[in-house]
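Heads up, the thing below is written out as structure tokens.
Chain IDs A, B, C and D follow the sequence of writing; residue 1 opens each chain.
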Amino acid sequence: MQPLAQSRAEALLARFHDVRDFSRLLARDLEPEDCVVQSMPDVSPTKWHLAHTSWFFETFVLKTWQKNYRPAIPEYAFLFNSYYNAAGNMHRRDLRGLISRPTVAESFRYRENIDRHIDDLISSASEELLDEIEPVVVLGIHHEQQHQELLITDIKHVLAQNPLHPVFRKRPPEKTAAPPPMDFIDFAETIATIGHTGPGFSYDNEGPQHRALVQPFSLASRPVTCGEYLRFIENDGYRRPEFWLSLGWTTMNEQRWEAPLYWEKRDDEWWHFTLSGFRPVDENEPVTHVSYFEADAFANWSGTRLPTEFEWECVAQGETIEGNFVESERFHPAPTKAAGLSQLFGDVWEWTRSSYSPYPGYRAAPGALGEYNGKFMCNQYVLRGGSCATSQSHIRATYRNFFQPEKRWQFNGIRLARDVA
Amino acid sequence: MQPLAQSRAEALLARFHDVRDFSRLLARDLEPEDCVVQSMPDVSPTKWHLAHTSWFFETFVLKTWQKNYRPAIPEYAFLFNSYYNAAGNMHRRDLRGLISRPTVAESFRYRENIDRHIDDLISSASEELLDEIEPVVVLGIHHEQQHQELLITDIKHVLAQNPLHPVFRKRPPEKTAAPPPMDFIDFAETIATIGHTGPGFSYDNEGPQHRALVQPFSLASRPVTCGEYLRFIENDGYRRPEFWLSLGWTTMNEQRWEAPLYWEKRDDEWWHFTLSGFRPVDENEPVTHVSYFEADAFANWSGTRLPTEFEWECVAQGETIEGNFVESERFHPAPTKAAGLSQLFGDVWEWTRSSYSPYPGYRAAPGALGEYNGKFMCNQYVLRGGSCATSQSHIRATYRNFFQPEKRWQFNGIRLARDVA
Amino acid sequence: MQPLAQSRAEALLARFHDVRDFSRLLARDLEPEDCVVQSMPDVSPTKWHLAHTSWFFETFVLKTWQKNYRPAIPEYAFLFNSYYNAAGNMHRRDLRGLISRPTVAESFRYRENIDRHIDDLISSASEELLDEIEPVVVLGIHHEQQHQELLITDIKHVLAQNPLHPVFRKRPPEKTAAPPPMDFIDFAETIATIGHTGPGFSYDNEGPQHRALVQPFSLASRPVTCGEYLRFIENDGYRRPEFWLSLGWTTMNEQRWEAPLYWEKRDDEWWHFTLSGFRPVDENEPVTHVSYFEADAFANWSGTRLPTEFEWECVAQGETIEGNFVESERFHPAPTKAAGLSQLFGDVWEWTRSSYSPYPGYRAAPGALGEYNGKFMCNQYVLRGGSCATSQSHIRATYRNFFQPEKRWQFNGIRLARDVA
Amino acid sequence: MQPLAQSRAEALLARFHDVRDFSRLLARDLEPEDCVVQSMPDVSPTKWHLAHTSWFFETFVLKTWQKNYRPAIPEYAFLFNSYYNAAGNMHRRDLRGLISRPTVAESFRYRENIDRHIDDLISSASEELLDEIEPVVVLGIHHEQQHQELLITDIKHVLAQNPLHPVFRKRPPEKTAAPPPMDFIDFAETIATIGHTGPGFSYDNEGPQHRALVQPFSLASRPVTCGEYLRFIENDGYRRPEFWLSLGWTTMNEQRWEAPLYWEKRDDEWWHFTLSGFRPVDENEPVTHVSYFEADAFANWSGTRLPTEFEWECVAQGETIEGNFVESERFHPAPTKAAGLSQLFGDVWEWTRSSYSPYPGYRAAPGALGEYNGKFMCNQYVLRGGSCATSQSHIRATYRNFFQPEKRWQFNGIRLARDVA
């Protein structure tokens, strides 16, 4: 017998709860003390992520559509607004680690309270109301997935400060095999169609879809490995200015970089802090926790360059979204075994040489939700493809992630490209 | 039947456990999350205080005299050394708030473990061994009492960052009466005997005892109240450079001081954050959380000056050590009702105009314990008399507390003095 | 009788001396004291510009081709290297204002000495040698023209610090007329040819020439005037976050911007510092000394956007290079009188929304001269068209200037663009 | 017939011009460019010193007593006020090096103009008026002598930034002999009379004269030499925290001190920058350009201590004021040849362990001149005896100089003391 079709509201709520539950699962092994710390201004405490994602639903869904909605603790609107000027004043980002209350338990109570309200609102909504609510709830779901990735990369940074090397998730050591050699695959000149269109979810920065002329280029079959990156280090890559952008050279010297973030030399061997503890660097893994500056310098050293985001998207359009995502709960990149184009999605975000800028015809929406993307289109570089901390259901070929070129705490890596003569 | 007199070891252990238990009591109402935060470099997290005081006994008692003592977690020696270069490397002071492990529960386990070892060591010690150990254990007890005061002032600073105004210890509001008017009491010129001598405990910075010529002076009968300080604020005290030290004027403008720390104007009324919540300022209370700069400016504005530490000590030598101390668990200064000289001890530390410097003939001891006091004798000012966060059993007429002139987070207040023509 | 055609060497030397003499002319009215000051890290002292441009010829021409060339003062190689790592160590950029020697007179002697050597080298060079030397000398000439523009904008910043408002060049006050209203001119979609090719001089960042798909767009007929910009200020443009990039909003608040650089409100009227003194703002002039952030915010406020550099270049390809350049020695933008497209060249550099990045196929040359452009392709935005401080003989339709988005001390202005539906 | 004793006005003017002329003499060999630079916030440009000392006479003498005095350039009152809040607003101290005008020549014209007015005022003053004016003129003369010392130490810091090592005053190299060994001379306990009284000039901080009990002590016969200080360096003095104040240890590590200011190791030999050029360190000279922290660490290393200012003054009261002062125009300390107590005055200022604080009964005068001294009595340490940059006519046994403990650019040195058992 055929089961009854799930209603639209039920489907939406199922998806909502899946994602909400996954946030709780991520915090499973953390102590309350872990969830308070902000180890640098870019990092937010775990409990802030838990509360902020709830604030998002409260502010943009409940306050808009729930009749007579009264927030239990009005100060949360101030404490958990991240950067939406149109939604009111907010607590200073760099001071989030000074706020011990609400406690972790209270933050979970806040979540449960919001979830209950969302349940009520959606399950009793008319189809017309659902038409209005659904896009914002879906945005909130994707928003929470983004914060899940940040929760992971942020807690990694927090735990890494501690000489006791706390473990986020146990994972046994493993023997790996060397991946196939890096090949370069040629692509012909094309007038590409770039950006998202159609019914599925996408962020506003992925549109409008438009055509762009892409010259012939060649793309590496897989990301750069730790082993390959070690050759760059050993070849004095961090001491030769000719490979570096001027700003990269300055930054690198000021911050005394000598290797990717979390790497540390002990007795002549490189170790790194992982979410499963302090371990020897595995040369077969994709290198990660590198800045744009390091990715660019590595490319220059190797006689190649980084791809543009359009080149990357041209290639990705035909590929299936498979790989090492957060669903695997590995929380770390893994070596590839595949020959040919591989790891385009998952494992590590891939720096492109494209500055994060609006597509032709782009216009941010009015109001607070218009602040989601457009106002950050300056001095950031686009990354593509998702990482081991990204949800598989969150990523797309048109997805544009972006960070300042000096940032290293995300699972960012390097895929090379070349001009075709 | 007559119980046997308590043995020397028993007495020492009783005192040891009294003080150790009081640390636990202080943290009674705190959540684990509260105990992690470091709200500025001067502040240490509660759990750091709990661990560091244990480290002190471990390092200076157990590692010296306990046979085959093996620390359970050797990294604690690095994490919980405060500033003793001779005792090894240490974690950076300003990064203490980034360390979530050991958790609060683990910190208490560390404490219990150390206490058990101390119990064993002392209860089995010969009299000869006790002769050696006792002075260091007593130093450790006083050291812990100092950190109890810091724990209180630090957690006040931490909780004050939070717009939710968390309460450290509940205390009902109360009606107070105006204290008697401030009198000035004259003292004749004398060759005073300054500093500690004799069998009781004192810190090395209180000696050697020596003579000093003290000119005639006059000392205020009680500390300055919030009401009196408000007159200074209303008379543009924070906008008139003629009252301020040059460095004070600069500091005050850079940090935008307009009132004591924790004061905030709401709808034309002054409120302040207390360990029992956010409350209206009570004009009858001694003013507290003022810097040396503010104390000095207030004195100049009022045509008086701060006392020297010798003047203060001359007066205090004859006085009983009574007052509002931490034992009252009020955690806040209280108005005096007494006419004549009052509140010399307890309530608020009293800034003196004396720079913290060595007494004639002072010489720091060799080794790590010699770092306790001497190396801080620069750019700090002496405070006398203890506060509502000080243990009564910890304070003396010869006791010298000291802070940099811009510090405001301690319970520091103002007692005025005058020259006698 | 007809004089003989000027030889190639003579022509090169004539051009060389023209440009070298113009540097001296620019410093004509400056006192030696003016030439020492570095008012912020971006600014270099006048005498540094005079010496550095000579160092360029010394390092890249004389040291390469002049036989047995021995620098008179070898330390100059350290003091006057700007950023060429491959040419050796260099003095710290932000400390240039601490170096009082060589004096201005000695700097001119250094110039004369270098000029004499260049004269000797070129006038005695064979045609083969000239083939090698000429491109570097021409690069040096263009390099000096760039530094002439910097000399002007830097000395403006220096003199602006002084409440005495020193005058760089006298210029009588003038009455101006309102320019024609701003029109928007439409351009159809095209596959444009972007970048420089052919025999004339260009910088490496202008190539390789390549095709790019440019969507239909509309470009403003003239730059935004001070009067139009005033409307933005009066409409609370500097207090409404919805118009600003996130980084712009932060920067603007941190630096307390309320108007373009050099503007100051006196008795309710706006004045600004110009190279001819402190004067009332003329509403008819193109606005200048605005950052990319302000240009972008103004565009958002007015419902338009900034053009891309490709759009700008498409339009400029057909235009004559005329306008208010440094040759006019006005040193200040002037109002336009022309209807239709005007002021594309000269007056003010026009911010584009294009991040400064390499053209497809671009590769920096090896060696020190390869550091000229490529290593700066990060976190900067492209400006087009030249300003009142640019040499007419220096600018081209393909010319790419670039600055960080927060910079304001150049003669940068705003030309608006729009999408075409 | 009675010649004609110089009148009181004539005598005053003679002294005035002597000192004013000496300022001009000091700047004799400087280029205008040298006179502009401010190499750190503590340093003022030479031309600022020249103008500020004139501003002092203008503000406190001419504006008070010269009828209808109208300043030629009113903005100078803003530019050349150093720190007198009661005299009006002032230019920011750390920005003095950004002000190129008035030029050096204009600054001298300003001086001449002020001098002419002072000539007129004093030569035509009645005795009654002279009674009023004279103390302020004499204060201005001493003020100018203080700035002469600063001019010298400031220009040394300026020229030291330059790798070309410019010479302030030529001085031939010389052979020196080792000074006699350092003796310690005992002094008995006494009730000393400290501070200045009587008719001669003194600063307000030297009074009121008062009695103080000074314990028995022992004072070194001469300052520490470079040779003796080298032993400290070679004994890892800069790497052993046990000798250092906590704040000194931090400062020293942050600023990467490894030797006194201006010292530099070249090919295993120590050189230092002097006002006569870059020279090998002479082990026979008194060491100079050390901070209080270094002086204190050296004393600890050698098992001694620094003297108190009272101890120093007790000894100095009986001594003649002779030595190597600025009048010798050597501008550098010289080795002593004398056995017994020597070099108490001149050569190097001697750090004392006394914090700079008010004498009992001290009260700053009301008004701007009351800002001269009192407001700086915080976080500074007293130095005694004058240096090779001090005027002999400026120094006294009661003279109290003062600097923050980290300052090194003055000619400060070390005389040791010891307790007497």
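In the analysis below, a residue touches a chain if its C-beta (ideal position, glycine included) is under 8 Å from a C-beta of that chain, and two chains touch if they have at least 3 such contacts.
These numbers come from a predicted model, not from an experiment.
A.B. asks: Going by average Cα coordinates, which chain is farthest removed from chain C?
C.D. replies: B
A.B. asks: CA centre of chain B versus CA centre of chain D: separation in Å?
C.D. replies: The answer is 38 Å.
A.B. asks: Between chain A and chain B, tell me the centre distance in angstrom, where each centre is the average of that chain's C-alpha atoms.
C.D. replies: The separation of the two C-alpha centroids amounts to 47 Å.
A.B. asks: Indicate the residues of chain C shared as contacts by at least two other chains.
C.D. replies: Answer for chain C, listing residues that touch two or more other chains: there are none.
A.B. asks: Considering every pair of chains, which are in touch?
C.D. replies: Applying the touch rule to all chain pairs gives A-B, A-C, B-D, C-D.
A.B. asks: Over in the complex, which chain A residues touch chain B? Could you list them?
C.D. replies: Touch list, chain A to chain B: 31-37, 39, 47, 73, 75, 78-79, 91, 95, 97-104, 158-159, 161-164, 166.
A.B. asks: Using the touch definition from the top, list the residues of chain B that touch chain D in their complex.
C.D. replies: 83, 85-86, 191, 210-213, 215, 241-242, 244-249, 292-293, 353-355, 357-358, 360-361, 366, 370, 375-379, 405, 419
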